[in-house]
Amino acid sequence: MDLATITGILLGVFLIFFSILQSGQLTSFINIGSIMIVFGGTIGATLINFPLSDVLSVIGVIKKGFLNKPPVPTENIKMLVEFAEVARREGILALEDRIKGIEDPFLKEGIQLAVDGTEPDLMRTILDTEIKSLQSRHELGANIMKTMGTYAPAYGMIGTVVGLILMLGTMSDPSTIGPSMAVALITTFYGAVLANLIFLPLAGKLETISSQEVMVKELVLEGVLSIQSGDNPRIVEQKLVSFIPPKKRAALEEKEA
Amino acid sequence: MDLATITGILLGVFLIFFSILQSGQLTSFINIGSIMIVFGGTIGATLINFPLSDVLSVIGVIKKGFLNKPPVPTENIKMLVEFAEVARREGILALEDRIKGIEDPFLKEGIQLAVDGTEPDLMRTILDTEIKSLQSRHELGANIMKTMGTYAPAYGMIGTVVGLILMLGTMSDPSTIGPSMAVALITTFYGAVLANLIFLPLAGKLETISSQEVMVKELVLEGVLSIQSGDNPRIVEQKLVSFIPPKKRAALEEKEA
Amino acid sequence: MDLATITGILLGVFLIFFSILQSGQLTSFINIGSIMIVFGGTIGATLINFPLSDVLSVIGVIKKGFLNKPPVPTENIKMLVEFAEVARREGILALEDRIKGIEDPFLKEGIQLAVDGTEPDLMRTILDTEIKSLQSRHELGANIMKTMGTYAPAYGMIGTVVGLILMLGTMSDPSTIGPSMAVALITTFYGAVLANLIFLPLAGKLETISSQEVMVKELVLEGVLSIQSGDNPRIVEQKLVSFIPPKKRAALEEKEA
Amino acid sequence: MDLATITGILLGVFLIFFSILQSGQLTSFINIGSIMIVFGGTIGATLINFPLSDVLSVIGVIKKGFLNKPPVPTENIKMLVEFAEVARREGILALEDRIKGIEDPFLKEGIQLAVDGTEPDLMRTILDTEIKSLQSRHELGANIMKTMGTYAPAYGMIGTVVGLILMLGTMSDPSTIGPSMAVALITTFYGAVLANLIFLPLAGKLETISSQEVMVKELVLEGVLSIQSGDNPRIVEQKLVSFIPPKKRAALEEKEA
Amino acid sequence: MDLATITGILLGVFLIFFSILQSGQLTSFINIGSIMIVFGGTIGATLINFPLSDVLSVIGVIKKGFLNKPPVPTENIKMLVEFAEVARREGILALEDRIKGIEDPFLKEGIQLAVDGTEPDLMRTILDTEIKSLQSRHELGANIMKTMGTYAPAYGMIGTVVGLILMLGTMSDPSTIGPSMAVALITTFYGAVLANLIFLPLAGKLETISSQEVMVKELVLEGVLSIQSGDNPRIVEQKLVSFIPPKKRAALEEKEA
């Protein structure tokens, strides 16, 4: 569970809420027409911008932003080094028995390919394509959020312009100017908050999650290829350890000890 | 047919329409002069920006945004694996009879080149150039829409400035200020809606369509080259399957079963 | 002659003109001081931004935007295939007699190099450098227009701020506020029209022209190298045809028939 | 210690402070609600955008912006050339005694790998991955600051819109309009100063520091590989000297003399 | 001396000056507080953004924008072709006598390396690194100017917001509103002029100068490598001539004749 995402949203919502409540005017920030233009317009533009199936997949993507557990590369390294030792001692075919116990489908596929005696070049191509298409699926999620973060303020602005035109066209009673402008500005407020509290930050989180996962996948790819080429387990470890920051390496050695 | 595109436009138009109708002032949003400046200016700038033939091709491009059926890569994979089996069993020349039955012109060209005994490097060059020029034609369509999405708000702003200059130059009767400003703001409204409901989202959809088609073409390219090099049908499948997301692979296996 | 460029400018100018004329206030849009700040400032900033010789070359560049005839790649393909046949039949030296008749200096240089027996790698280096430096010269033209399209609205804004400061500093008679603000806004209008009707669209057109020319040059480069390596004329054609869109290929075959 | 960072912040703070103090109205620039919206909103959005551990690491990153000592590549060059002489004279294993004395962990690892007889390709892979993951960790710090520099003005704007809505909704007494707008604008002021005096400039500094460190690491990488391949110390020096600007080379020669 | 830079700045300053003078209100554009916020803030933010030594080097960089003489690649080509002839006739060692007479330190280093019998790969690495680090030093200068061109309008805006807050907080006498707003807008004016007349255009000029110098260096690199590999002087010329535009080639031939 990603506590930062929830903390961040609660913090933002609470502070804006609180600073409005202080003035005792919370109701003047709720306006059905404004909600319709900003939410409806943003969703409409997003539906035009992306295929329906991609837009629907956003729900799962948002969940990921909240529930994601960061991958632990040190565990993959330990497992790969162990596999390298087995392969060195008993030959690569000895890994066949281990495949069932592997949870990560990518590592599973890699070891399966190695055991099947797939040629190194083909293995790299297959696993590389796998990483690239994972990456492009992840980027899609971040992209949809980013695009929604562009449309939301645009529809906020459109709503405000609509409000201003309506107000200016019937400016008979000067005392109504203030409240009408206030209503017109609410869509700007909605658009800006949606973009800066939800869409853009979540897009950022999804990008971080994606790059972490891709890094681990690349680490696994290097590891599997290194095992297949019969590298010494120490060399396998050296190659993989350079993927992670020095601080975390200490953690790796502790666990080893 | 791409329902999302139509749903999105209807949703956006309906919500904006509805929120204006609510106020009973729909007529104050229609202004011939504003339409002339925003539409005319945007079309004018687009004509300068792109060759005439490209601008005219936009109509077909927009149709594509509405009518596009997403390609089904699993079907291409099944066909390519089948071809690989034929080529393995009866030799690559046996594919000659199948060529007539292929609908996709790119796959047809690829198999024809393989049957003709074209050298692998030349085949890759020819098919790669084909993909790249397809891609640059697709990008052109998305580019034109994106450019129109930049000019529309710019001319919306120009129209509003023109309206303000006219209003401010003859500010004799204060009671006309409001309605004049309302009229001036209508061009801003037109420009923003055109950009955020039509041009920019359609540009996004066209980019998605393009990247889907390019992905399928690259899959076909890898498949044909793999067949030509006499790869085992299982290896051909392995290579191609890595192009599509794991979820869709299940669908592939079901069909196979 | 590029009709789209002229049509676009006339359309834009006419519509803006017309919507101003309608109000019978055309004279309030002409202001010497505003012209000085926007034109002068834009030209000044451009002179600082680029070497004098490059800025002067812009005039020729603008002419190109109006007078450019798009290159016809099918003619180059036909000529290159013909040359490939001659080279196949009579040897590459037989092309020496044809060189004088070639109009395109790039094709001429390529055939000359091939006839001189230049090594393929050297030929590719020389012709590639030629394409790259052509491209960077073309990009320069588009770049200058794009930069002017950034400075024009900036100086429009600077002029408006100057006008506002002057107006606000001497706000004795309220009845003069309107007209003074109108005058202040004229520079914004000038800057926006210059950028969105002239500079930015012309920059776009120049980029399109450049990419078309580069494409034809790359086609010629591939053709000449293919001829030199003694490729079969059919293979030369296959390689080159993949550069152009399928629709235009039909035209090529018709002409051949 | 990076004096420029501190001088810059003091200069900016002092000048803004001073120009406000001059007017004797410093208190009207302090507003708890505004601080809550701008700081709280920015921190909230940043927590959503990045994993918690990364956001916490920003504190160390900011410290680096203040305390960083620029690396001195000439010292690394001198040490590497000395090592090259030892390796030439007494063999690469003679460097084993020197390893303990090396402070820079990257150089230490490189020499250790060379002494261990690691193959050149593997060495380059390991050290390259090390540099790339260092770089991506550094970029993360700059990225967080840059993202905060985007959210701060956005929340400044959101706060101002909230203030305007509250003011316009209760516009009973005209004499309160001015002060209410003043308060509304304070969030814009906070957001702009935070972004332009703290976040964006610090992001820039972190990028500079990162590129300097990466350059030195690449220099060390080239040096170690050159030593391992048994290059003449003079050639090692020539290779490494080309990394640093001519002015600093003079300094290198002086020290040598 | 780069006349365009000076002409551009004089033109811009004169026109803005003139259009202000016309109104007889020049003094209302001079304000110590505004100068402090815009200049001080911009310099402060720049000091945080870049190391002190880089910021100080900007003075030399600005001088370069004014005094730069564009390099004349034709002279380098002539010299390199001449060297190629000497090397062909008398052997590469015969170039040793010429080295002292070479002014350009990069060409000098290249010829020295060739005479020393450095291996081609090493030579390319050394000279390439040299070009890349020159390029990154040049980009730094343009980058600092570009960054200042971003901070200047930001501090202009900050100053205006400060002015507005001060004015709105004490809006007792309506007759002072105008002049106070005028003063507030002066910082916007300063920021916009600094950015669009000085920083951004100078950054552009520095980029042009850098790309010209890099082009000449790359030409020299190719030339020296070609000489070392014992190429025919005619081939050396052919390779180098493709770096310069056709128009300038005519000039080269004239000089040769």
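For clarity, chains are labelled A, B, C, D and E in written order, and residue numbers in each chain start from 1.
By our rule, a residue touches a chain if its C-beta (ideal position, glycine included) is under 8 Å from a C-beta of that chain, and two chains touch if they have at least 3 such contacts.
What you see is a predicted model, and the numbers here were worked out from it, not measured in a lab.
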Contact-linked chain groups that survive once chain D is dropped from view: one piece
Cα-centroid distance, chain C relative to chain E, in whole angstrom: 25
Chain A-chain C separation of Cα centroids, rounded to whole Å: 40
Round-the-ring chain order [start: chain D; next: chain E]: D, E, C, B, A
Chain C to chain B touching residues, read off their complex: 2-5, 7-12, 14-16, 18-20, 22-23, 25, 28-29, 65, 70, 175, 177-179, 181-182, 185-186, 188-189, 192-193, 195-197, 200-202, 204-205, 208, 211, 235, 238-239, 242-246
Chain D partner contacts - residues on chain E that touch it in the complex: 33, 36-37, 40-41, 43-52, 54-55, 105, 113, 118, 122, 125-127, 129-130, 133, 136-137, 147, 151, 154-155, 157-159, 161-162, 164-171
